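In the two complexes below, chain A is the common chain; its partner is chain B in one and chain C in the other.
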Partner chain A sequence: MSRQAVIINLAALLMMVLFVFFRADISDVFIMTGRLERLFTLVLVSLTLAYSTIVFQTISANRILTPSLMGYEHLFVLSQVLMLMALGSGSELVRSKVWSFVFSTAIMTAYSFALYVLLFRNHKKNVYYILLIGLVLGMFFSATTQFLQMAIDPNEYGYVQSAMFSSLGRTSIDTLAIALLVVAALLLYVKRYFRYLDVLSLGREYALGLGVDYDDLVRKQLLAISVLVSVSTALVGPITFVGIFVSGITYRLSATASHARIIGLAAGIALILMTGAQFAIEHILNYRHSLSVLINLLGGSYFFVLMIKQLRK
Partner chain B sequence: MRWSLLLCCLILFAAVSVLLGVERLDLASLFHPGAGNRDVLWISRIPRTVTLILTGAGLSICGVILQQLTQNKFISPTTAGTLDAAKLGVLFGLLFFPQSGLLTKLIFGMFFCFSLTALFTFSMIPVVKRSTVLIPVFGVMYGYILNAVANVIGVQFNIVQNMESWMVGNFAKTLKGQYEVIYILLPLFAVCYCYANRFTIVGLGRGFTASIGVNYMAVTCVGLMLTSIMVSITLLTVGSIPFIDLVIPNLVSLIHGDNLRKNLPYMACYGAITLVVCDIMGRVVIYPYEIPCSMIVGSLGALLFLLILIRKGR
Partner chain C sequence: MIEIQSICKKYGQHPVLKNISLSIPKGKVVSLIGPNGAGKSTLLSLIARLEKPGQGTITLDGIGLNSYPLSTLSKKLSFLKQHHVFDLKLKVSEIIGFGRFPHSQGRLNQEDHQKIEEAIAMMDLSAIRDAYIDEISGGQRQLAFLAMIIAQDTEYILLDEPLNNLDMKHAVDIMQTVRRLVRDFGRTVIAVIHDINFAANYSDYIVGLKGGEVVFCGETAHMVNEEMLRKLYGIDFRIMRDDTTVLCNYYKI
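And then the complex of A and B:
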């Protein structure tokens, strides 16, 4: 392990400990379970986020794009609103967090498959072109969502608002268990492809020359990314700019091309960022803002700087 | 298409839009003074139709001007963050001067809209030639950031729902006494028409513009100013209408070619017809209630834009 990795891991550990034990009475079961639950969610989200962002950027050979900009988040909100509209806020299915999680994940995975079949299978397509289509789809979903929000009465709108801005309060043990199962199975499956990913970052011709089945690998990785993004969005809602923020810092800190290491580092950074933000929300901002609002502002301004830099080149 | 045919279409749909509604309008009774439904006509129906026509025309023209300035067919107020910039500006107007009228909000909206769109346009100049799809991607992300800032402010001051409901482009709120500001668009159309040839020249690139003696900066700024004023005004009167500014110019240039001066009236006409038709659809689908026009425009427009993208992507 490199020096940076050690420091990041220690800092992440420190943040986790601080997050759980800050001004807490260890014997108070309610507070401790709540905190552990939130921490566990954050760990899961950091992992999925790091993997999906880094691999997506390797495939697109660009450090500005992230999968969450492919319209997933708006589809997530739309699926929540649709469910609320169809069943009403009094319905057991809407209230039960497990089912709304399963419902959202299923819809988003179906969406990923559709995207994959329509766009990714033709590997000659430009990545920006694909991203533009994703963004337009996102706008399409958000136009529909905006309209539906108008039709909902203000009391029920509260439900939608909590879906719009990610909040850790919506997850539960059951939801987490499903998410953990999905994420663990998927990570186990893609673990053996780490070595090939390193070759992939050399570009298509080099990868093919070195004997990697480029297209097959890209397809598998895009699939894994879709599922992971679906899980993390369903878990805490939309957090658009955290991926770009995390990958930017990771690449600045580490010069290695090994994906296993980079993803580990990125997950650590994501964890620090998110526990830090959540800590600030709970103890400094008094729950006024939600996680996504805070992180999007931070990541958004970072992205702005990155964009200007990229354009100057 | 022939001019006469287009105008006939516009007049036909405008007439439908005027006559359609819960309160039935009897054509004959309109000419008798004192009849009750004259009020319906003058307070609600005619303002609504006028606003629809002017908004559709104005947004299409905004779209084509921005296309020329950025030399990119996929750029429009929707994909350059212009709408979000105006939203942010109006939000600030709402926050700082909650009591003051339309004019303050309009000035705030215009100011933010102009400066933020200018920032985007000028930072895009160096990469114009690199990739056609890169610039709209950046533009959309830029819009997302502006939107995130607006959301933070909205959550902080507890006006998210107010903001959202007011951003949905809805023509039901255009009543007599509230829609008149839209008439500012009329003189602006004339200015756009006068500048049309210069916008075409700017669309050929900075070097070329300078070499034939046209002031690049001045024309670009005039174009951005016109766009910001038009977008802010439509945003304030009806809310945000996405995609019409993107799709109409592309469709018109598919049908009529790229002569901007000749095309501007066509764009205005097509834009107006499209918006009137979408509004009529929104009023018919769940009659006697109505669906906000922006939702129909947003869905159909996004779909059309996807088709255009796929067609060009081949």
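And then the complex of A and C:
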């Protein structure tokens, strides 16, 4: 393990301990379970965020795009609204967290494949062009969501609204259990492809030349990314924008191209940012700010510091 | 031996290769030459199975190219691209290590390390083996990727414009390595080459393509003459020979 990885891991561990035990009365079961629940959510979200962002960047062969910038989360919210409108809030399907999750994931997987076929397969496409398309699609999804909200029964509006803002308030033990199950099964499934990911970053021709079935591997990874983004959006709402800071910081700190190590490092950095932000919200800011605002503030400032440092070199 | 039978390839409505039939001998340096848009790179990527032909078949040592499983093909045939990624945190030795992927799936063993060392020695890269690929020059990067292909240890080696953007020293280095691979190790190298003089001096066998059709193919000594080259490129040539080299002059005629 490199020096950076050790430092990041220690810092992440320290933040986790601080998050759980800071001014805590260990005998108070209510507070302790609440904190552990939130910490567990943040760990899951960090993992999904790190994997989905880093692998997405490898597949799209650049380091600016993230699932969030390509409109994934807005699509998740839109799909929830569409399902609510089609079936009504009384429907068992909408109430069942599992089915609404499966529905959104299916839509996002279809979207991933469309993006890949239309934009990424031909790597000669300009990255700014792809970025623009992603931003326009994201705006389109969120505008459609807002438009549809007008047509929604005010009683049902609250349900949609909670999906649109990131917060740790709405996780519960059973959603966490489902999320854990999904993430664990998925990571187990993609674990065997870790070695092939490194070859993937050399591009399609070299991957095929080195005996890696590029197209098949990319399809599997896109499926995994869609599921992971769905998990994190379902858990805490749109938050993966922070992915761009996390990946930027990771690439600047790491001295390797090995995906196993990069993804580990990115997960650690994401966890530090998130526990740090949530800690500040709970103990310093008195619950006045949303998680995503604070994370972007923290991540963004550190990212700028790193960039300025690099420019000076 | 590679047999190409009535291959056609279209990009959209635009035909790139029109009913091409060729046989490429084993154990030679084979150059694909011709003007821009002749279909040279397309033909090479069809042989590497990176793309599928619209019609026709390609056989490699008597077996249809499509019958090879990907894992077998990657131990028999390797491909060097025209453009390389270089914004990765990869060391030169790690790039070369990727060449062993078909053999050991990323878990390098004793034999892999030996092949990597041989490739480093052959390309004379020991001075920069621990440098990251974004820190070295374009020519050194080309040598590093060629070393990766050498470490892949395949009978057939396909090179897509290996001399692109290289200075004279690097270009000569690469062509001499290609000759060694064929002479000492019995490999077959098929390369798209734009510089007619490199093709004429270093290859045993030469294929001239123009507008998606074969203009000529055969041993270099018989193919490189003023009439053939004019037919291929549409400009006048004057060919000068001495004991060691042949020079195709087209600069001022």
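Note that the second predicted complex is superposed on the first by the 216 of 313 C-alpha atoms of A that agree within 3 Å, B and C clash if a C-alpha of one lies under 4 Å from a C-alpha of the other, contacts with A are read in each partner's own complex, and residues count from 1 in each chain.
Definition applied: contacts are C-beta pairs under 8 Å (C-beta built on N, C-alpha and C of every residue); 3 or more make two chains touch, one makes a residue touch a chain.
Note that the structure is a prediction, hence the values are computed from the model and not measured.
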Which of chain B and chain C A:14 touches, first, second, both or neither: neither
First, second, both or neither for A:36, with chain B first and chain C second: neither
First (chain B), second (chain C), both or neither touched by A:280: neither
Touched partner set for A:305, first chain B, second chain C, both or neither: neither
Chain B versus chain C as contact partner of A:184, first or second or both or neither: neither
Chain touching more of chain A, residue-wise (chain B, chain C): B
First (chain B), second (chain C), both or neither touched by A:146: first
Chain A residues within the chain C interface of the complex: 61, 63, 195-196, 198-199, 201-206, 208-213, 251, 254-257
Residues of chain B defined as touching chain A within the complex: 74, 78, 123-124, 126-127, 131, 133-134, 136-138, 140-142, 144-145, 148-149, 151-152, 155-156, 160-161, 164-165, 167-168, 170, 242-243, 291-292, 294-295, 297-299, 302-303, 305-306, 309-310, 313
Residue ranges of chain A in contact with chain B within the complex: 69, 125-126, 128-129, 131-133, 135-137, 139-140, 142-144, 146-147, 149-150, 154, 157, 161, 165, 240-241, 288-290, 293, 296-297, 300-301, 303-304, 307-308, 311-312
Chain A partner contacts - residues on chain C that touch it in the complex: 45, 48-50, 70-71, 73-75, 77-79, 81, 85, 87-90, 94, 98-99, 101-102, 105-107, 152
